[in-house]
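My structure is below; once you've seen it, I'll send some questions.
Chain IDs A, B, C and D follow the sequence of writing; residue 1 opens each chain.
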Amino acid sequence: MADEQKEEFISVEILSKISYNWSMGPYSGSLFTEMKENKKIWGIRCPKCKKLLFPPEAMCGYCFTEVKDDWEEIGDEGTIVQFTKAGMPIFDNRTGKFAFSERPLANIQFDKGPYIMHWLEEKDIEKLRLGMRVKAVWREQGRGRGYEDIMYFRIIEEKK
Amino acid sequence: MANRVAIVGVGRSTQAARRPEVNDAEMINEAVRAALADAQIDINKVQAVLTNSIDGFDNFYLGDCLLVDGTGGYMKSGMKLHTGGTVGSTGAIAAFNMVASGMFDIVLTIGHQKQERGNSMGTLCAAAPGEMREFVQGAIGAFAQAAVQYMKNTGAKLEHAGMVRLKADKNACRNPYAHLRLGLKSIDDVAKSPILIWPLRLLDFCPQSCGACALIVASEKVAKKITKKPVWVADHETVHELQSEVVFGGDEEKSQQIAAKRIYKRNGITNPVRDIDCFEVYEPSSWEEMYLYEHFFLCEHNKGWKMIESGVTEIEREVPVNPSGGVLATNAIGATAMLRIAEAALQIRGDAGEHQVTKDVKTTLSSGLGGTNWTTLVLLKRSL
Amino acid sequence: MMTTKPAKPTTAVIFAGQLMLPYRFEAGRTGSRFLRELRDNKKIMGLKCTKCNKVYVPPRSTCKECFSQIDKWIEVGNEGKLLTYTVLRVARDAEKDVLKKQLPVAYGIIKLDRADTGFVHMLGEVDLDKIKVGMRVKAVFREDERKGNILDINYFKPVSKARKR
Amino acid sequence: MSERIGIVAVAQTRYHPNRAEVKEGEMAYEAIKQVLQETGLKYVNDGTGIDAAVSCSQDYWDGRTISSLNVASFLGTHFRSEEKVASDGINAVFYAMMHILSGEHDTVIVTTHCKESMTSPSLVQNHAFEPIFMRVLGLDFLSAAALQATRYMSKHKITPEQCAKVVVKNRGNAKNNPYAQAPMSLTVKDVLNSKMLADPIHDLDAKPVSDGACVMIMAREGKAKKFCKKPIWITGVSNCYEAHYLGDRDLAECKALTKAAKRAYKMAGITNPLKEIDVAEISEKFSYEELLWMEGLGFCERGGAGKVIDSGITKMGGKLPVNPSGGCLSGNPTEVAGMTRVVEAVLQLRNQAGARQVPDARVALAHGTSGVCGQLQTVMILSNS
């Protein structure tokens, strides 16, 4: 068609915005309460495969065993396993906007085994290395928002 | 399988970054019509329609119902399968199961997605539970970490990712249904591509496409009646995996190896490079293709980069991998994993056109990837 | 005293959040033509399947009955008969967040004169207690800033009896 | 069918208006745990236990891309097979059945969950409408159902009283069901005096917001007989899509349901449903739906459902009790509702339905719908012999 290029296509824009009240349930619920009130991180040990489950869950999904009440404090120190810093703004599905994060995101392994994804205090990735030891820096006043009650992880010493 | 099942029709829509000239139903309809024409049957012969995609990219709830105008599902049976990136292959596998069950003779299954719709990363990040969403950066971050890991463990260099990307583009340029056909000349062209998250360059990562794929799956009786070139479904395997701490990379056995071992064992495949003629794998990044060579036992552990270096996975060579151009060239997520199966079927039939591989293809393996490192495998054969 | 395990929550622990993503829905060639006609000419157009002799409004490029591709455009007129209706009387989030109209809102499905399908829209300028299935209604277009959107039609209003005669 | 597929065990949570204290997966596990304990089956790969899982949930209800991740830990999916059906749960049962018949696996666990209370049902439902011509009008399942109800009631002269009788019957039946969310002793007047939501649907004509999950284990015949004393067999099943755009259909009819029912009856060898079916569980998210769906299911002629409800044959003790469980009107989550109907049918056929037991039930019908105004209709016939 001759006027193919001129053809105007119409689109409709819709902002899809839905609120959710995600329940944390008794296991993550206990964890979140402890994080808020005592700045403590807990996991639960699988009675069969002995894996320390974090976040704590009612059932160990790895060996299909229901957990008992074997809570274990994890501590808030660990080492950096992986880290990245986005070179561009990342779309945030909580706000519907792009946001640029100044902080690197790291996969941190706690000394007791479990991992957590969290921010690093150190903004300069040149200063970061795998295996560095880090410790959680908590919000003064916990908000009951779980992992968000930790502001970021701070480098405490370098692993030899 | 209780009853033999064959793919008798393959349809693809135009795949592109933007498809403003069609709505979702119309885009799907292109693939459906192509598949019906390929199978030389009428929509009335189809008994059930599966419509598969990821809700968050569509922004549809119950998309199978919503898109019935285009799918041809009106007054037919059907449902929607919805796993992760694997959804296209899950939809195909579901169709295989429906026909193998003996309850249906002809099933049409569709994978589709319009990635232009919204922000794909926003939807991908929503796979994390609500309370963890502050700490996710989507698939790119995970694949970048995997790339770092790969270089560290194997000695591979950036140029090897470039070789994978170059091969994908060369193949895509021969496939009219590929989205990105860039005409890259050398790995230097890949090297010029901007960094997304180091070391992943824009060209090392799959694009966002709009497109649909449709397969017509039939029972043995019907298949033999309507086509001279049925492609038989020899076997399939689905392996899910829980979210693990180090999603990609790492040395321990993952869903890919487990799925491959299971399907090889059941089908007497002892040497996949010899026993399988062509591979269509789901490689969201250049690096992932090298991982997959290893995970599917096409080469030794940590030697995937040597395989691309040697050139054996090129279209004319002994172990062609992704002659279609793969996911690096075309990625409408709901369609992606189904396209792997569709392209493999065309290779077996010898109908892949310009991107038909040089060697005679009797057996193919197609893979899907999604969720928290889930794997689907489909083994197709010219004869059973 | 050191606690050996955390206390079970006494009340439900909730993490409140939202999923917020902008999306753009492409109307396609067929849908765009329909919307342009609404916007530019205040005309409601349908597509006719010449095989089934059936006129679809809003237009669909595939006939659901015979699956053939259809492209014969027909103006279906701005008047028709009310097939069904409802008056939404309580606040619903979909209405509040997406349509953003004051309650009560009357919805109706209208069979336009030269169409074979019903057209889903709203009713206005009507006594809510006197809406009747079968009544004749006509489209009232926005006079200002029509955007190429289904809401370029404000609503359908009853056709006065005097005019009908 | 080459072989019969048996339902080995079923369980459901108590349906509740707000299960804020548990995660979605934890809620589903309340039911999953029961079937695992009852059968003693485990998630193993050696063929002696549960081979694979079929889940059913919706991303927009859970607020999570790939909602099956919420139940993954509880279904034994790690390094094993799971497929998610994103439709009403009854279709997951249908799919699991074909999954077994295909020869792929012998024993499959099927589960569905939904917590409507955690979000805005109206907004989620709005996402089910075609975006350009319907979604922007702010429609949800209530306003669409009201359009259908007006059309149906005016075309076939169905009265608000007849719709109200469905509510009175079902909420009353729910008093016998310990899993029901909202049993209630009501009169027709109570229903008609409840707040008008969208003409002609009153507050009590609509199902309440509900949270819950249900689960079942299915197996091929040989294994089903080993796993339990009384497997329940699926003897007929089919589903069918209607058109999507509301104006495309005559909303007073339900062609898709008629077609699905015919196919399911044929498969099960049923020629006279009213006579041959002992108990029916129908998905009625609004009161008029039970009437309209009864017509589609062929329990009476077109437009005849008003007389059926007046006659009382669908009450407990009648010729064909419909929804002894109390139905969806007594509270079931969307997309769980259809599978709940199957679970209830199984309990009836196993003579385990307690106070809501229909004496000597041998053949049961379970019905589920998905989509706007029952766009996808599924009919399943079950038998205990």
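One rule holds in what follows: a residue touches a chain if its C-beta (ideal position, glycine included) is under 8 Å from a C-beta of that chain, and two chains touch if they have at least 3 such contacts.
If you're wondering where the values come from, they're calculated on a predicted model, not measured in any experiment.
Student: Just grab the chain with the largest centre-to-centre distance to chain D, centres being mean Cα coordinates.
Tutor: A
Student: For chain A and chain D, let me know how many angstrom lie between their CA-based centres, rounded off.
Tutor: 37
Student: Indicate the whole-number Å distance between the mean C-alpha point of chain B and the mean C-alpha point of chain D.
Tutor: Centres of chain B and chain D (C-alpha means) sit 34 Å apart.
Student: Could you work out how far the Cα centre of chain A sits from that of chain C, in whole Å?
Tutor: 42
Student: Among the residues of chain B, pick out those that touch two or more other chains and give their numbers.
Tutor: In chain B, residues 20-21, 23, 56, 59, 68-69, 74, 118-119, 122-123, 126, 129-131, 133, 242 touch at least two other chains, as defined above.
Student: Check each residue of chain D and list the ones that touch at least two other chains.
Tutor: Only 20-21, 60, 63, 72-73, 77-78, 120, 123-125, 127, 131-132, 135-136, 243, 245 qualify.
Student: For chain A, give me the residues that contact two or more of the other chains.
Tutor: 7, 9, 11-12, 14, 16-26, 28-29, 32, 61-62, 93-94, 96, 145-146
Student: Name the shape of the chain contact graph, picking from line, ring, star, complete and other.
Tutor: complete
Student: If we count contacts the way the header does, which residues on chain C are in touch with chain D in the complex?
Tutor: It is residues 9, 11-12, 14, 17, 19, 25, 27, 31, 35, 56-58, 60, 64, 83-90, 92-101, 105, 107-111, 117-122, 133, 149-151 of chain C that touch chain D.
Student: In the complex, go through chain A and note every residue touching chain C.
Tutor: Counting only chain A, the residues touching chain C are 7-26, 28-34, 40, 42, 69, 71, 93-96, 144-146.
Student: Which residues of chain D touch chain C in their complex?
Tutor: 20-21, 63, 120, 122-123, 125-126, 131-140, 142-143, 146-151, 154, 195-201, 243, 245-248, 251
Student: Which of the residues in chain D come into contact with chain B in the complex?
Tutor: Within the complex, chain D touches chain B at residues 1-2, 52, 58-61, 63-66, 68-70, 72-73, 77-87, 91, 94-95, 97-104, 124-125, 127-132, 238-245, 255-256, 259-260, 263, 370-372, 375-376.
Student: Write out the stretch or stretches of chain D touching chain A in their complex.
Tutor: 19-26, 29, 33, 42-43, 60, 63, 72-74, 76-78, 115, 117-120, 123-124, 127, 131-132, 135-136
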